[in-house]
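Consider the two complexes below, in which chain A is the common component and chain B and chain C are the respective partners.
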Partner chain A sequence: MIRNNVFLRRILYNARLLIIAITAIISLIPVAFIIMNSFMGAAEAAARYTSIVTAHNSFGVISGNMHYINMGFIPELISISAWREVLVENPESLRFMWNSFILTVPILVGQLVIAPLAAYGMERAKSKHKEKLFFTYIIIMLLPMQALLVPHFIAANMLGINQTYLAIILPAIFAPFGVFLVRQQLKGFNKEIIEAGKIDGANELRIFIRLVVPNIKPTITVLAVLAFAEAWNIIDQAVVFIRDSFALPMSVHLSANLAGNMGIVFALSTLFMIPAMIVFIYGQDDMKEGLGYSGHR
Partner chain B sequence: MRGVFKMQEAARGSRPNTALKNHFVLRNKIWFFVLPSLVGTSVFFFIPAATMFIYAFSNARGEFVWFANFIDILTNSVFQLAASNSLLFMAVILPLNVVIPFLLASAMRNLRYKNAFAVAFMLPLIIPSGSVVFFWNSLFADNGAINSMLFQMGLDTVPWLMTDWAFWIVVLIFLFRNIGFNMVLFMAGLSLIPNDYYESVKLDGAGAFATFRNVTLVYIMPTAFLAFMMSIINSFRIFREIFLLFGPYPHHSVYMLQHFMNNQFLFANMQRLSVTAIALSVGVVILVVGVFTGQQKLSDTFS
Partner chain C sequence: MSVNNKKIASKKIALVLMVIFITGLAVFTIYSRSYAQRQRPLVNVTFFESATLVWSFETRSTIEHAAPMHSEQGAEWTIEVYVPLSAFENYVSHLYTVDAEVTADGLGIPEELNLIERRIIDDGDLIYVFVYDSIRQRIEGTIPILSGEGVTVHLAHRGLDSYDFTIPLSAIQRNPLTDEDHIFTVHRRRSAWGWEYYVRQHNAVFLPPARIGDMANLSPTFDTNAPIAFDMEGSLYDGALVRLWD
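And then the complex of A and B:
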């Protein structure tokens, strides 16, 4: 009966649309909050977000000596002073952005070269042992970073690269997630394309670069976006391997050294999320295909 | 496909330079593709992991001590706290992070703008933890927005981050960050179920529940397994948020195994680190193998 009732179906549809729209808006709130607040003047930011009572916020919600945070999305006065402070007047914090770049770029490039190669090799190899190796990769992939950090730490000491970026970069390049992701994709790959390449006399590397890679580009994009987000967000490894506080990536610096400086914390947080967002937006169309949700009816 | 490869091999065998073609190196040349990854994984995982086992079974002077290190760790009260917190956390978030995304993805069937929604849902995973930590802090701090609301309504305020509520706040932050990605996985999984399957059970006169149980649930199982695996991987990454929000010594309800290990790194206590890493790895392997067998049994019962 219900199935034929157009009116009820429409209500149900709109209810679903409402639930999903609300959930989507909730997912955007923290990002929107940070970005909007980065256009707040230093005085207003201090007045809103400090815990001590000052002349500027004494009209707010106060209990004893404590001033309650007054979260707001829209600044009373739009100002670019925080951005000028971060980018022009006191660009010291940009050093930490640079640290993040130095860590992220080699990891990303390394993974994007090594993981698809290994995945293709494993898919094409005829050895019985390859599945055992692949299973080991999956187990390594599932281990928590702190458990992996122990072997990484031992290796770094053996190679004498402890306390350097190499101790973070090199192990991250060989993260098995990419191999897993690309191989899952290659399992459904049309083998006839490879056979056709062979008949044309192309060698394996040529087949891989010319025929396989262009066809699995969406998956490689998914890997690139996730690997970038992961490397850009490095915290655990930096805490263990980097003692020099000036060498820390922005991810750690943001929370460790900025707790007191309300004036620029939003601008820096926004600045820090911009590269990740650019990569994400740039990879959007490919990700739709790579993750397979474009076919969702 | 196997057959094609066999034919290829047969064809190759009939060529004149058989001896050269069958040489071990040439026959296995595809492994050169795997080599860089294999070397890297050996240097940074396999070889040091072997060293790790030596550490785990010996004392600081290098003497073999059987399981003394393991007993030492397992009876350590800080380790027990960390382990039980980590287990509790996984027990709470793993089911939630599979069921909620599945329900949301189901609700998104045939919906307008769903691709735009999918972008919004994935965004929290892409945004670096450090960028949004200030948002969470503004909500839950002693003088945060929630307490401000309670105070203005004349209710008692709660030091959220310094009570057992901390655990549930971390659960919330985890779900916030990770539901979207699993949801996209489920959207993809649901779209792979052919419409014919639904049509055929409809012809059999099956109701909504029977359709769900016999079609949706059966064919979504592989996706659910993948979502579950992703949840395990990401559940360990919650350390970042906890670390940023609480520092190295958080409230005891969110003191996880990662904190325990993190603090051992400061002392470079290789015995303890090795034992904890091994214990953790064994735990993960048991969990994954258990879920994998469970998933196969479940699919078997339903289909």
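And then the complex of A and C:
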């Protein structure tokens, strides 16, 4: 009945659109809030977010102090003082952005090189133990990262790279998730393309670079987006492995400075969001494609 | 636009945006570092120095024949020099030795004098009495000195005390509200972009004589090996960030 009734189908379609739009708006509200509040002046930010209010009970006796927050979506006075402080007057903030890039880029590049190669090797290997190895990969992938921190710390100590970025970058480069993701894509890969390459005399590496990679680019793009998001938001490993406060990435610096000038925190948060948004713009089509294929399977 | 073209377009847009972002970040990083440096006052750095008190005075007097010839070749002549105490600028109690030179009008060349007496007369002025030994002058066969001849006397005073903790006067900063004098020691610490310099404020405690020429005589109330800021560009405060002259 619904299928034949065009009017009802249109209503249902619009209702679905409305629900999706509302959900999208709700999920975008925090982002918009941060961006709008980054244009708040220092005085207004302090008045709104760092006020301490003395609470009285019903007998008029002071019962404690409360941190009072008066959230405002749109600032009363638009000001670029926070942006000026972040971009011009206080060069320290930008150091933490560069620290995030220094951590993220090697992890991203390393994962994009290691994970597809490892997945291809695992898929092409003719070994009866490869499924057991892959199962081990899945187990490690499912372990919480905090459980792996202690072994990572011990290994970093043994290698002498403790309190350096390498202690974070090396384990992240060899993370199993990327291998898992690419191998799942390679399972459905057309083997005849590989056979054709072999017939033409190409070796495994050439086949991988010339035939396999161009066909799994969407998966590699998805891996890049997810690896970037994970590395860009790194906190636990940075807190454990980095002792120098000036070498911390922005993700840690932001959380450590919430008690400061909130206008600056909002401006830094906005700045911190921009690279992640750009990476998502880069990979959004491939991510949609990947989700679509997974739906068909 | 086909799906593939859309994908390529969005990837290109993302790449361009990322390049713009990283370039902008680099530009702002470089500019903000130099801006922050320019905002910091320039200071010069020195350390405590030892100083001795030296003070000079030139005046006119006359030479008088004081004693008979003690040998066939010489005679003693005296020169009395009046120095008003006001000319000493409060240094008189800290000055102990006097070197003097006299240039007689007739001779025109300076000769050294020996101080035999220094006394304060009733109106507070100092009188120095010098002995002028003319033996050498006779030997060299120069023009004999006449009693009452005018002389130019150059006095150089030295203090026997050495003052071990002196710094340039420009290192002293006076608080206009409290009229307190402060000096600032320069320290170094790590910052996000390498090293930065900051100052620590200390009260300036003067010892007499408080001033020795262009130097201030202080009592050391902090680490005497710490570098001290002087010739500051602008007022400093405790913990202020500064930059040093290259």
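Simple rule for what comes next: the second predicted complex is superposed on the first by the 259 of 297 C-alpha atoms of A that agree within 3 Å, B and C clash if a C-alpha of one lies under 4 Å from a C-alpha of the other, contacts with A are read in each partner's own complex, and residues count from 1 in each chain.
Please note the rule applied: a residue touches a chain if its C-beta (ideal position, glycine included) is under 8 Å from a C-beta of that chain, and two chains touch if they have at least 3 such contacts.
For clarity, every value in this text was computed on a predicted model and none was experimentally measured.
Novice: Check the residue A:W83 against both partner chains and state whether it touches chain B (first), chain C (second), both, or neither.
Specialist: Neither partner.
Novice: Can A:F246 be said to touch chain B (first), chain C (second), both, or neither?
Specialist: So A:F246 only meets chain C here.
Novice: May I ask you to decide whether A:F189 touches chain B, chain C, both, or neither, giving the answer as first, second, both or neither?
Specialist: neither
Novice: Using the touch definition from the top, say if A:M141 reaches chain B (first), chain C (second), both or neither.
Specialist: A:M141 contacts chain B only, not chain C.
Novice: Answer with first, second, both or neither: which of chain B and chain C does A:R95 touch in the superposed model?
Specialist: The second partner, chain C, only.
Novice: So, does A:Q284 touch the first partner chain B, the second partner chain C, both, or neither?
Specialist: Once the two structures are laid over each other on A, A:Q284 reaches both partners.
Novice: More chain A residues touched by chain B or by chain C?
Specialist: B
Novice: Is there a shared patch on chain A that both chain B and chain C touch, and which residues make it up?
Specialist: Chain A residues touching both partners: 279, 284.
Novice: Enumerate the contact residues on chain A facing chain B in the complex.
Specialist: 13, 16-17, 19-21, 23-31, 33-34, 49, 51, 61, 63, 66-71, 113-115, 117-118, 120-122, 124-127, 133, 137-155, 158-159, 170-171, 173-174, 176-177, 179, 191, 195, 198, 204, 208, 225, 229, 232-233, 235-236, 239-240, 250-255, 265-266, 269-270, 272-273, 276-277, 279-280, 284, 287-288, 291-297
Novice: Which residues of chain C touch chain A in their complex?
Specialist: Spelled out, the residues of chain C in touch with chain A are 3, 6-7, 10-11, 13-15, 17-18, 21-22, 25, 28-29, 31-33, 35-36, 39, 190-193.
Novice: In the complex formed with chain A, which residues of chain B make contact?
Specialist: 1, 4-5, 8, 28-38, 40-41, 43-45, 47-49, 51-52, 104-105, 107-112, 114-115, 117-136, 138-139, 141-145, 147-148, 151-152, 157, 176, 180, 184-185, 187-188, 190-192, 195, 229, 232-233, 236-237, 239-240, 243-245, 257-258, 261-262, 265, 268, 270, 273-274, 276-277, 280-281, 284-285, 288
Novice: Using the touch definition from the top, list the residues of chain A that touch chain C in their complex.
Specialist: So the residues of chain A touching chain C come out as 87-92, 94-98, 101, 246, 274-275, 278-279, 281-282, 284-286.
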